[in-house]
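Here's a structure for you.
First chain written, first letter: the chains are A, B, C and D, and each begins at residue 1.
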Amino acid sequence: MKRTPVAILGATGTVGQKFITLLQDHPQFEIVELVASPRSAGKPYHEATSWKQNVPIPASVATMTVQDTSSTLTAPLLFSGLDSSVAGEAEDRYSKAGHVVISNSSNYRMAPDVPLVIPEINPDHFELIHRQGRSGAIITNSNCSTMFLAMALAPLYRTYGIEWVQVTTLQAISGAGYPGVPSLDILGNVIPFIGGEEEKVEQEAQKILGTLTEKGITPAPFRVSATCTRVPVVDGHLETVTVKFPQGVDPSPEEVIQTLSSWRGLPQEMNLPSAPGQPLVVLPDQDRPQPARDIWCNGGMSTVIGRVRRDTIGNIRMVILGHNTVRGAAGAAVLNAEALLAQGLLDDRL
Amino acid sequence: MKRTPVAILGATGTVGQKFITLLQDHPQFEIVELVASPRSAGKPYHEATSWKQNVPIPASVATMTVQDTSSTLTAPLLFSGLDSSVAGEAEDRYSKAGHVVISNSSNYRMAPDVPLVIPEINPDHFELIHRQGRSGAIITNSNCSTMFLAMALAPLYRTYGIEWVQVTTLQAISGAGYPGVPSLDILGNVIPFIGGEEEKVEQEAQKILGTLTEKGITPAPFRVSATCTRVPVVDGHLETVTVKFPQGVDPSPEEVIQTLSSWRGLPQEMNLPSAPGQPLVVLPDQDRPQPARDIWCNGGMSTVIGRVRRDTIGNIRMVILGHNTVRGAAGAAVLNAEALLAQGLLDDRL
Amino acid sequence: MKRTPVAILGATGTVGQKFITLLQDHPQFEIVELVASPRSAGKPYHEATSWKQNVPIPASVATMTVQDTSSTLTAPLLFSGLDSSVAGEAEDRYSKAGHVVISNSSNYRMAPDVPLVIPEINPDHFELIHRQGRSGAIITNSNCSTMFLAMALAPLYRTYGIEWVQVTTLQAISGAGYPGVPSLDILGNVIPFIGGEEEKVEQEAQKILGTLTEKGITPAPFRVSATCTRVPVVDGHLETVTVKFPQGVDPSPEEVIQTLSSWRGLPQEMNLPSAPGQPLVVLPDQDRPQPARDIWCNGGMSTVIGRVRRDTIGNIRMVILGHNTVRGAAGAAVLNAEALLAQGLLDDRL
Amino acid sequence: MKRTPVAILGATGTVGQKFITLLQDHPQFEIVELVASPRSAGKPYHEATSWKQNVPIPASVATMTVQDTSSTLTAPLLFSGLDSSVAGEAEDRYSKAGHVVISNSSNYRMAPDVPLVIPEINPDHFELIHRQGRSGAIITNSNCSTMFLAMALAPLYRTYGIEWVQVTTLQAISGAGYPGVPSLDILGNVIPFIGGEEEKVEQEAQKILGTLTEKGITPAPFRVSATCTRVPVVDGHLETVTVKFPQGVDPSPEEVIQTLSSWRGLPQEMNLPSAPGQPLVVLPDQDRPQPARDIWCNGGMSTVIGRVRRDTIGNIRMVILGHNTVRGAAGAAVLNAEALLAQGLLDDRL
């Protein structure tokens, strides 16, 4: 089967590197172009990037010449890990020039005509691309902390409804990119603030779980309150979560665990290449999930949950965890692309 | 002024070491006896302990011979950092033999006739010692995570009332004693569970903020929901806190900050040696408090607060921090002893 | 092809867990028995062990019942990760009862009739098993820090000779097993001492590079001076090394790099399943090797080298690195077993 | 006594912050001016700096307006923590304008007419300022890793002579300034390279221990070979050191310990305010010194030594440690200023 040629935007950054790692042996996509800042343009990739992965740069990519965002590209499909400071202009321009941009950036996530999709939850929202008036399209995935929260909330919301959600995140340093957090600020320390993060976590899940109508997405009507902290962990965002169901709804922890564990979606039904067999894995041990032990569950594509128990303020509290640069970023974009392809939604554009 | 002779129970442990450090130049107390496990008994202290403080063992203590808990002691006042597995029997026995035991252990905290005191909040509860039927007495301070929570809640509860409190803790490894947490479990990791901790945090603050009646303490009628995690930080417990005030009560963040900052109690009024000038310090920076920067505020005896802001589920959320082995353990016990002494409550017993 | 049944001694410990992980899909060996301390005996493995790997326990192993070292075993081949406090007696007994014990323990490494083998270097030493007078045999691999040093020294010693070697190690916490190093001792700290380690590093390489004669092994006649430190790294031992060649021998760094990079041995020639394609990988970057980036080079079985440069006291200095629990422990034993099998040396014993 | 007015150059950086902390209550110096980059100029200090100390900014300094290096200063004495990229020009200009610059920068350390002084070792070198042809003067202290090495070597060199020294450093992240080392590069990792560091360590000690002649400093004739690594420690440089004495000189470890422990210099004799009572403290424990336990020995101004033992290649090996931002940087400069003042060497210039 012929693989679709793809370009990586923001190829030298943390998310870009993860795209390259994840697409290295992908059955459907083949990296043919790399785009980064003007500072990197013209250099072979291995010189332009400060490679931080613990596997080597794939040979075919290492010697590829990096282009800048002013370049005309040939690949019909673009994976974007661009910094939000430049993503807005570049993604808009490429999508209007006919490219389908699968973006991990935050710029267009809340735009009314841009799908913000987790394929297990709302693949029907992909439909929005036809309302963009672009010859190409922009498709986004969620913020890395929203990802695991939205996945855990999806079956609960659809089964029980939700009134509110309270979350405290303990986020890994890789979420801040490179050079990112100075070591003097985080070694043996906690920073109880991440700029712009709480706003994203407090509103993205409602769009993802919202209803597609002719007028756009009607967000799901629950409140989220988030406090986001940075902890000295390399990979893996952990979140303590309390959920309040609607008045009169009070499932037992065992029922909730069953609801979470049995949840499946389109990626599982269509057996997409990057799909985790089980999107939500509930661990029985009382001291799990832990970043150092559980982020690689199902290749880093599952959300891992533990400590599901009754709460005295909400109904249920639990601890959730996911791999922030895999399922929380590059892997989410790749799964979106696979879902689009499998549904034939890109047939007219690729 | 003649100093009161004191003994340290559990002298070789983490809390015992901190007692020794804090009492080194104390104007009112003089260490004359050291008690530890039978394994340490008979040895000079510097051989019996695995000293982990970053100041040397005081010379007068280093060569003192360690005794075990079966020893008869001469000091009228005992500071106990005993492990809860042995504290129950030993503290009871010493207190019945006429000693006043200032305990950091959890065993008797919730006993109806034992005062659980933070001197800024409920020094009137010391009165309970007269109901113990002991020739001596047992006085306790709170769990290390409760300490900072209770201190932050005290002025809020008394000014506005409280309906419920939601807290997620990020606790330092020193809270687990020595050898405590294996490095393989916590380096670059988070453990989202600490055995027995959540139960303590969920009930101790209500006793501390409770009302002393003839029948005992009537606990303050609010609910606390706690999730406790361990993070790779040496010293300093950080807590994200949401507070719900009673129906119709909704002070602004500025009012709450004013209420917190202006709070003073008996230790400040009596100018006790270990009292922080300001028990609650509110920082204006949006990324504070942080363990590595703020635990030594006022000698480690203040609770440091930041990010006071409105919440959409409760009324107010904030981040609080304190030094878990100083104000959260040994320092709390020392301040209790100072408060007892200053009020003359030990005049008949010392 | 029928796989050889094997047992894991010390199955619940850190090295035992790594044996299980490495042998999970091994083409030649099949785990049929698990042995640990009496405390674990009788329990299913998943209950007996505190699993610390970031992949799950293989299903076939998880439910296997653990036996203790008094058990009679059926597997002809035993991989031992026993603690040295019990390895001496147990390994001796099993080997006399006809089992071939591939041991990672230090007890018999320096015994005159026990081969201490790195298959790339001295597979001829396996011959010693015929002098043990055991119906089975004991075969050992080196200490984890010796492993990477000996591998780097082997081609240099054989090409240029060596007068002395000076090494400072920066060792990972996983080398101390579990619970191992308390987090209070190593988080944000360095411990400049590891009990018994320097003695091993100072004498094992000479036996490995020694000559087999009728009277036993004549050790290679060079001196090693070692200082061993523990650093807050999970996996990966890094070593700074200075080498003095014999008087008049002074190869350039380029020649040394060529000598290191081109080195191959029996595992490569026989294409053993666990053999790294290139045993010594020299990186060109001036800030490499690094534990977090390079330990998984060739599945954790290569020694990674960098900063090869002239020295003003010796001739050459360099930095070396390896995965201490893979090539430095369990992986070394597995490779020894593969080399024995491939050479037919176990045909009479298995 | 009237205090000498001083200015801090590079006041917003890591070293500048430490100058401010150390001079806060200094009996001889009073901070009256702050100098930093043009970006900070015009702002009050508390806004211009990203304060990383765990004590608050002194009130008198917090509101002081920062100037840039083009400013004319009134303070006769300047403490410089300027980055080496700007220190060269600025320090030269100020010293020619009549200011005495006590510099922690590396730019002029090896200049023939600039004293590179550790007051315990070579206060006679201060004399060089009269050969600079400046109306003011430039005085430097050593690199942070050189500091502890030179201090440990001084009594050995003067007692026994030295042929060569071999050192591997394990350096703290605070040595790289702020933002300095990205956390993704060092959390759970070791970086075996620090740009420019080895060259400094390999030549500065010889100048410090050199002889002042009419023609300048004749460096001490021993060789130093250094490998410098960065480890995940906040403060404290640890070094493993091997020393070779001249042919025929072979003191026992006990003699060496006695030589180190009994060493005193001018700061001790003149009882300077920042002088450690004992410059070299030798610990008896086999697992010391450790950064987390020993850097604050004598207020962070002593070099702490352990594991003094015989070596098979050199004569003696040992482990040394010091507080890199106190004795290794700002504290060294302050002690230099105190020594100059106490000797009356600045009488004509201040």
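Rule of thumb we're sticking to: contacts are C-beta pairs under 8 Å (C-beta built on N, C-alpha and C of every residue); 3 or more make two chains touch, one makes a residue touch a chain.
Heads up on the chains, UniProt names are A, B, C, D = Aspartate-semialdehyde dehydrogenase.
All figures in this text were calculated on a predicted structure; none of them were measured in a lab.
Ranked by separation of Cα centres from chain C, the top chain is B. Over half of the residue numbers at the interface between copies chain A and chain B are found on both sides, making the touching surfaces mostly the same. A comparison of the C-D and A-C interfaces places the larger number of contacting C-beta pairs at C-D.
Chain centres here are Cα means. That of chain B falls 48 Å from that of chain C. Distance from the chain A centre to the chain C centre is 40 Å, each centre being the mean of its Cα atoms. Among the residues of chain B, those in touch with two or more other chains are 52, 187-188, 232, 234, 292-293. Considering their complex, residues 52, 54-55, 187-188, 234, 292-296 of chain A touch chain C. Residues 14, 52, 173-174, 178-188, 232, 234 of chain A are the ones that touch chain D when the two sit in their complex.
Interface of chain D with chain C (complex): residues 164, 166, 168, 170, 187-193, 202, 223-225, 227, 229, 231-234, 238, 240, 242, 244, 286-293, 306-307, 311-314, 317, 319.
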